[in-house]
Amino acid sequence: MSIDERQHARQFVRTFFTTPTAVEGEDDSAKMLRGAIQNRGMEAPDVWVPDNEDATAPSMREEGAENIVEVVSEHGADFPGEIHPRVVWHRDDPGTRHQGLQQIMTIADPEKGAIEHIDGFVIPEVGDIDDWKKADEFLTIVENEYGLEEGSIAMSVIIESGSAELAMEELRNEMGKPSNNLQRLFMLVNGEVDYTKDMRAMTPTGDLPPWAELRHNTSRAASAAGLISVDGPYDEIRDVEGYHERMTENREKGLIGMWALTPGQVVEANKGALPPEDGYWLIEADDREVELREEDGVQVYNGDRISLSETEGGYELTVGNNTVVVDEEELEDEILDLTSYVPSLGDIVDSMEEFEAAKEAGRGAIAMTRSATVSIDGVEVDISSDRMWDEATYQALMVPVSLFQDVYENRPDQHEALAEIYSEDVVERAMEVGN
Amino acid sequence: MSIDERQHARQFVRTFFTTPTAVEGEDDSAKMLRGAIQNRGMEAPDVWVPDNEDATAPSMREEGAENIVEVVSEHGADFPGEIHPRVVWHRDDPGTRHQGLQQIMTIADPEKGAIEHIDGFVIPEVGDIDDWKKADEFLTIVENEYGLEEGSIAMSVIIESGSAELAMEELRNEMGKPSNNLQRLFMLVNGEVDYTKDMRAMTPTGDLPPWAELRHNTSRAASAAGLISVDGPYDEIRDVEGYHERMTENREKGLIGMWALTPGQVVEANKGALPPEDGYWLIEADDREVELREEDGVQVYNGDRISLSETEGGYELTVGNNTVVVDEEELEDEILDLTSYVPSLGDIVDSMEEFEAAKEAGRGAIAMTRSATVSIDGVEVDISSDRMWDEATYQALMVPVSLFQDVYENRPDQHEALAEIYSEDVVERAMEVGN
Amino acid sequence: MSIDERQHARQFVRTFFTTPTAVEGEDDSAKMLRGAIQNRGMEAPDVWVPDNEDATAPSMREEGAENIVEVVSEHGADFPGEIHPRVVWHRDDPGTRHQGLQQIMTIADPEKGAIEHIDGFVIPEVGDIDDWKKADEFLTIVENEYGLEEGSIAMSVIIESGSAELAMEELRNEMGKPSNNLQRLFMLVNGEVDYTKDMRAMTPTGDLPPWAELRHNTSRAASAAGLISVDGPYDEIRDVEGYHERMTENREKGLIGMWALTPGQVVEANKGALPPEDGYWLIEADDREVELREEDGVQVYNGDRISLSETEGGYELTVGNNTVVVDEEELEDEILDLTSYVPSLGDIVDSMEEFEAAKEAGRGAIAMTRSATVSIDGVEVDISSDRMWDEATYQALMVPVSLFQDVYENRPDQHEALAEIYSEDVVERAMEVGN
């Protein structure tokens, strides 16, 4: 198998949800683990990470490892997502690495009954590729010790240093060498808080920098090595809109997975990764894109950045500071240029079916028409755009559909929610497209 | 020769124009090729790419290869640009690679009379550097088979995968090794449609992501290895303004070449890469740069983001939400800070001649003065800026002049159009500068 | 010592100030050197660079090298910053490299008494890593020739080519090899003027492109290899606001050092790198962040992008085009979301002390409260935010504090200025935090 074909059960990971493994002062220090593992449907993440590192106080981590074993052995068989505990590790500290090995030994002991439900481990604070290999070697030793198949435990890493960012570029050269088992690699996860510290970066308010280049590099490395990329935590829990904006930006970079700190973020990220339930129109209003509001089948613009009025024999259209006088046909062209459509899953499936039928009938490219009536300042304009679809357009739109299919196949517990969002009919047809 | 000195006839490529090689259902399936190869002047690209890959239906590609041979052998001698057919290739599919070899064999057969007019081949969908070497080896074999000089056929690649993006970083280490002929490399071309698919990236509307980092990396690799970088296709054919914006962005990244899908885009990209015919002033109006309109020698601002009025003994200037009360001298400083000048080719040549004369007279740095009268809300302000020119300023402005000179030397068919745009005098002097 | 722990006296460099070494036509060609080396306090840079390359005419460079020797031997012992002369070098020109060696030989001659005050040399125009090794080897030879300890002369490079940008990625693999002394590396400095030329990039006005990716890559390489990153010169000397904006952007990338062309820029960059004297509030006004003005303890917004009025039983809040009607509690939430606080050094120290006390008392996370009264259109709103602080928050804010401590320890000549800016009390407490 070529290195850039994904080797694991999941082709996509929407959500990476971390939970403290042991909380001091509770009657049951494993209470949060016990709660998290019983989530189902949209509340359950694609990847659940019992976090025996930063989310858990250092003094509680020994107990945390035992808690993972206890909770996973009891409930793991029924958990709908994958389970990847995070253990401690540090590129600059052999003592921490040794503790990481011990935690894995504890958690993976087959007599304790948890490892059969555990898909892999998450290794934080890695450095260059030689450091990744040390973690890989520990997993190989654990597999050997416990009679597990070599390479069967997945390994994911948190990128939180410049050296780890650089190491990602070497994966294609290193994976597959006979002296390591790096094919076990599964997720590359950004850890922007510690990355910021390692880069010695500062913002005036203490907010995290955007790290656009890191996100590109992580996504690229995942693409090149057949892995899955996940972006780091979004601290402002209450800011749901900001969380979605970050996810949209990330998907533009090919970075589909999202860290979730709360069950609320899990729901947002599980749903947000999929195409919307209903399509909608956008209009470029001066320097920003604004969503049009549908009223009785008409797409209404209510802002004041665009104005439109009828004049004798024509129209006057103002966008920002720029005014043009146009006739009806020119007006349609102008509005067409300003607007764009965000298709729903149903829209995407419709178009793909249409294209597949055309292809079967021997046509390689067809025009897809999309029409709307747009209203600005009470003036209505009918627009209609033809977009040429060819194989490349079709392939590009297979990405969200493949994601949907991967979710549907791997998450039976979400079937009901998906049918509720998209309708049974759209779900069924989405599962057929591309086959 | 050092690896970062460009080894090919062209030092610059403005335009990379693709044409389907065989269209079904036409009397003459080579009709489009026949049309494209007869373009001259601004309608003819610097590099013409008979596209036997994505632009041509798979079932037509055998015929397409023959069409290339036929059309190029007949008209190739007179074509003013370089000719680089694109053949099929895929990093993950040996069958496709074998077809690529066969297509090259067909097209390069010297008995068919096309290869003497063909400068190289474009290889799409490459992966890591070892994959590039396979294509290079095929070209070496073809050269050997047909008695052509080893390394004489140029090779260009389309970057449409994360692995190819990473491979570009290795060129300096790999080119010049005795076991390959990678010195034949000529262009690094972004292919954003398939790159988006390979990165599994998604945008809400289905538009392509901006891929700023990819564009930087391609330009950097070209710079480091003495190659030429070209940006991928711009789908929205009607959006001429957007096409120019993309080119301006690209040139800021050192990415000068531009893919053209239509003869109209060829004209825009041929002209757009060169300095403008007339200089003009820009003003920073709040958060955007706006071009001033010249009226009777005065540079007029007509927007409402900046306002200016005379008050008793001074002026009140408002930019966005920010108002200052200033005297005349301060006003000049404020307006000077807000404005900038985009020089024409003539302006650039004037300044360079002036600097060359100063240098000859033993002065290493001189002040270049630029003056204008700016009018805002009817209030006129005279501004005058002195910009210090030293060797570095001079060298930086040599880039557009070198581009102009490279175009002029290699494209006699554009001499007339250039003289019409810039005047004979400016063209002649532009050819003298820097010598 | 691990490669990413910084090996030099300074952990941070705020300012990199270049001075011509020999100016023609003056009675004393070393006048500028003599002036610069006598700067003290905020006027003196962390790193002073007698510039025997671009700032000095080629014909004057021999004299320049002698001037460095003369001025540094006389005044170097008292200079409060480090001294790193720049010599000539070029990746593509062995003649220039040989001159570079000769200049170093002249300057480093221990009999001349300057080398004991010189910390290292700055090598411009480097290419790939093998070119860096040539410069390193020359320094080794000079050390050997003059009986200096091998590796004792620091080496810094200017990144002004695509090949040098790529070379930075190899530092972790190359430093520490027995055949070089690259551990002597100290600063990675962007040189955007020549980089722009090497990349063949062009902007319409001739301004420098932003080069966001280069800046990320330099910062990352410095982080990975334990070096210090410095951004290139900012030409528009008069534009102090622009200079600060660039520094803020840079610090977000972990690029803390800043080139200064004038003593004025030295002062701005020395102060600008440190946290502000007084904290202040920001508000997100539509698409931009605006500083609130404090009036009698109230934070006042004066712009017109946000408006607020009381209505019957509630409030109407408009941000840009978006209006919401809210009750008092919702209003507080909305304003809280729009505002953020930029802490002063004193604020940071307060919070860190509070966190340290909490940690000592066995608590791993505490809420830090920040309150303010915000006034918009005369309507006052009391806001209060709780930010959770954990070890990671604490560590992130250690970056500006470590920078402060490094400055304080290495720059006794700035103690007075620092006490004046921040107060003796804050300075003292800032030096205690984290110990």
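Annotations
When the chains are written out, they are named A, B and C in that same order, and each has its own residue count from 1.
As a convention for this text, a residue touches a chain if its C-beta (ideal position, glycine included) is under 8 Å from a C-beta of that chain, and two chains touch if they have at least 3 such contacts.
Computed from a predicted model, the values in this text were never measured in an experiment.
The best fit of Cα atoms from subunit B onto subunit C calls for a rotation angle of 120°, in steps of 5.
Of all residue numbers used where subunit A meets subunit B, under half belong to both copies. The two sides are thus made of different residues. Rounded to whole angstrom units, the spacing between the C-alpha centres of subunit A and subunit B is 35.
Multi-chain contact residues of subunit B (touching two or more other chains): 169, 212-213, 287.
On subunit A, the positions that touch subunit C within their shared complex are 54, 57, 92, 127-128, 161-163, 165-166, 169, 193-194, 196-207, 209-210, 212-214, 238-239, 287-288, 290, 302-305. Those residues of subunit C whose C-beta lies close enough to touch subunit A in the complex are 2, 4, 169, 172, 212-213, 216-217, 219-224, 248, 251-254, 256, 276, 282, 287, 321, 337, 340-343, 364, 391-393, 395-400.
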